[in-house]
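Next up: some structures, all given as structure tokens.
Both of the next two complexes hold subunit A, though its partner changes from subunit B to subunit C.
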Partner chain A sequence: MRTVNIPSGTSLADLYREHVGDYPKFFKMDTACKLGFLLAELLVKEDPDRFVPREDRAVLVFSRFGSLSDDRNFAASMEELASPALFVYTLPNTVTGEIAIRNKYAGETSAYVLEAFDPDQILNQICLAFQDRNTRSVLAAWVDCPSDQEWNAIGWLIELEDLLPPAEGHHCCHGHSGGGCCHHHDEEEGGGHHCCHHHDEEEGGGHHCHCKENKQE
Partner chain B sequence: MENLINELKLKVIDALNLEGMTPQDIADDAPLFGEDGLGLDSIDVLELIVLLEKNYGIRLATPQEGKKVFQSMAVMADYVAANRTK
Partner chain C sequence: MISNVNILGCGVCTPLGNTAQEVFRAVREGRSALRLHPDAFGCAEPVFASLFERAPFEGKSLFPEICVRAAVAAIAQAGINVSSDRTALVVCSVKGEIELLGKADVTLAASARKIADALGVTTPPLVVSNACISGLAGLVQGRRLLLSGLYDQVVVVGAEVQSRFIVSGFQSLKALSDEACKPFDIARKGLNLGEAAAAMVLSQDGGKAGGFQILEGAIRNDANHISGPSRTGEGSFNALRYVLPAVDPQELAFISVHGTSTLYNDEMESIALDRAGLLDVPVCALKGSFGHTMGAAGILESVMGMLALQEGIVLPTRGFERLGVSRPVKVSATEVPASGKAFIKLLSGFGGVNGALVFRQS
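Our next item is the complex of A and B:
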């Protein structure tokens, strides 16, 4: 899993010039989209098959404020003449759209507005995304942007393999009907090694990760 | 007319956030839309319509009308010079 964050107050234009530089549409985006876009750029810029269209990577964005910052800017523009360029960003899911368009992702995109930063809820949604058998990678981000000057922005790139066990497998995913979650198990729990198995085509066709106890002989 | 073209270029750069672009980068007769020109899109057309109304008191009825007016900076300047109310 890869993780990046963009501290509040960072010059987003400078970050763009340093790491991207070839996508002038960036400057038309609202602040939330700029943050999501840059998080994605930083996470996937080393991908060997960058810009090859793919359907197996989902994009999930979470926040408390959605597009509130741009909503305010658009409302202010209505005092004179409403700005079409601001209007098009007055939806929370424009962030996922910009990331998908840039990277040619045609998998699931979802935007969630939460009451607060909630790692369990975020992880749960990520695991749910993996239950789609087409999804083998999730680009997730917390893009919380109450104004154009302050934000919390952190992004994660999670591959399906990240949820499968290492050699001494301690990570375990339980596939639940109607919901999914990932649990981390300690050695003590059950006393044996736990591992996860990934089934592609069974049980409804999704990624069902099961926990199985492997007692050492 | 030269001054008006330059003024329009500055306003367009500002209104459309054409970062890093200067008036010298935009040829007077270059198409504003399509891959050979500035690469503006349909939302930019709407933003340019707002620009004309706000700055020159010109009201375009439809985006289609805008596409004729916004062929190039020179065409746009001719239209503004002929129709401005402020």
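Our next item is the complex of A and C:
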């Protein structure tokens, strides 16, 4: 798993020039899209075979504020002449589309709004995305941008293998036999369970792994 | 291993009526609430749309109100314990209460909190905001929440309320028709916006003979353009290709398509259907009945699909007269008999996102 973040107040134009430089469409994007786009660049720029079209990587973007900063900018434009260039960024999922276009990701893309930064809820949705049998990798980000000046931006790249237990183990979470896991790829006979989540144990051994035995014959 | 989920209850709240049966009857009879609103929302141009009368909602915020009404109906039909910690709420919308921008917290998270509190849901709500496939994407994720064992029942509610914000945006993109939309028609010239809420309660338990299940779902991106569909129907085709193995082709009664009535969307869908080998399956598009209800569309149009299947019909595509796409899609202005126990719901949206869901009656 890889993690990156972009501290609030960072010059996004500088970051773009340093790490990207060849994608001028970047400057048309609203702040939330720029953040999501740059997080993705930082996560995958070293990928071998980058830009080879792929359907096995999902893009999930989470936030509390959705597209609020661009909503304000578009609403201001309505007073004169509503701007189509601003309107297209008033959808919380536009950032997922920008990442998919840049990287030629033809897999799942989804945007979720949460009441707060909630690692459990985020990890749950990431694990659930692996229920799609074509998804072997998830690029996820928390892109929260209440204004164009302040934000929280964290990105994660999670491969299906990251959710496997370290050894030959077949136990999800904390060695709870029979426990569920987020995924059970049928092609991995006997490979058993892929854990996706280490919940701190609640009493009674009630473990909440996010589990599915995905048998699709 | 059971990997299907049951639909235990449905609810709708639309300008055409407030029960699923009532709305189904209206659509079947070719009625619609689409009409010209000369000065809706203070927009410069008239708006041809399907909108709620505001008077009955005086003093209430429309978005959470219609969500609650649709969800309450679905929950009552399902008979679930909504306050259990095994019950999840998924709210699906594009713009929620955006008409209150500058006056209140208009985030979808704040709207979802109001809906959860009004319903008595105690678990943290999840909002899916995946453009115009939000409702369908919410059903996909709701199904996964159940299959993972995280929850025992999931209430999925999708809705959209129109506003100067949304109308101005679509006007700026020149995407709106100034008359009733004509899905797949040669003379189509744009979409109509619509308001509605629709809800479903899903569970792995409680399936009944004759009840409906969701067999499979998929979301795929075109990776092509943020505000226009792929010319080759890439994402729509890929979503179809993923879900098709879950359904016996002999059982597939119809496909409820997106059919926004824009030039590009309907053409794109005809190509995706062709590529998926589905040109011999009847299709229906309901935007001529409801307008484009955005966050509600995936759920509302699926509820109509279930009722149509129960009655053994393919609903009429209101507004369609003469085929205007490059592939011979089996679309009809009038009701036709349907045979089969399954149907597919197909949607596409901004951000290049597409989705497909398979429903089957047991």
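Going forward, the second predicted complex is superposed on the first by the 168 of 217 C-alpha atoms of A that agree within 3 Å, B and C clash if a C-alpha of one lies under 4 Å from a C-alpha of the other, contacts with A are read in each partner's own complex, and residues count from 1 in each chain.
The rule is short, and it goes like this: a contact is a pair of C-beta atoms (placed from the backbone, for glycine too) under 8 Å apart; a residue touches a chain by one contact, two chains touch by 3 or more.
Bear in mind that the values here come from a model prediction, so they are computed numbers and not experimental data.
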{"item": "Touched partner set for A:E80, first subunit B, second subunit C, both or neither", "value": "first"}
{"item": "Which of subunit B and subunit C A:K104 touches, first, second, both or neither", "value": "second"}
{"item": "First, second, both or neither for A:A13, with subunit B first and subunit C second", "value": "first"}
{"item": "Partner chain in contact with A:V88 - subunit B first, subunit C second, else both or neither", "value": "both"}
{"item": "More subunit A residues in contact - subunit B or subunit C", "value": "C"}
{"item": "Partner chain(s) touched by A:F27 [first = subunit B, second = subunit C, both, neither]", "value": "first"}
{"item": "Partner chain(s) touched by A:F117 [first = subunit B, second = subunit C, both, neither]", "value": "neither"}
{"item": "Touching partner for A:D71 - first (subunit B), second (subunit C), both, neither", "value": "second"}
{"item": "Set intersection of subunit A contacts, subunit C complex versus subunit B complex", "value": "81-84, 88"}
{"item": "Residue ranges of subunit A touching subunit B (in the complex, touch as defined)", "value": "13, 24, 26-28, 80-85, 88"}
{"item": "Sites on subunit B touched by subunit A in the complex", "value": "15-20, 39, 43-44, 46-47, 50, 53-54"}
{"item": "Footprint of subunit C on subunit A - complex, ascending", "value": "53, 55, 59, 64-66, 68, 71-72, 74-75, 78, 81-84, 87-88, 90-94, 96-98, 100-101, 103-116, 118, 121, 124-125, 127-128, 131-132, 134, 180, 182, 208, 210-216"}
{"item": "Touching residues on subunit C, where the partner in the complex is subunit A", "value": "1, 3, 94-95, 98, 101-102, 106-109, 112-113, 124-131, 137, 141, 144-145, 147-150, 164-165, 168-173, 218-227, 234-235, 238, 242, 349-353"}
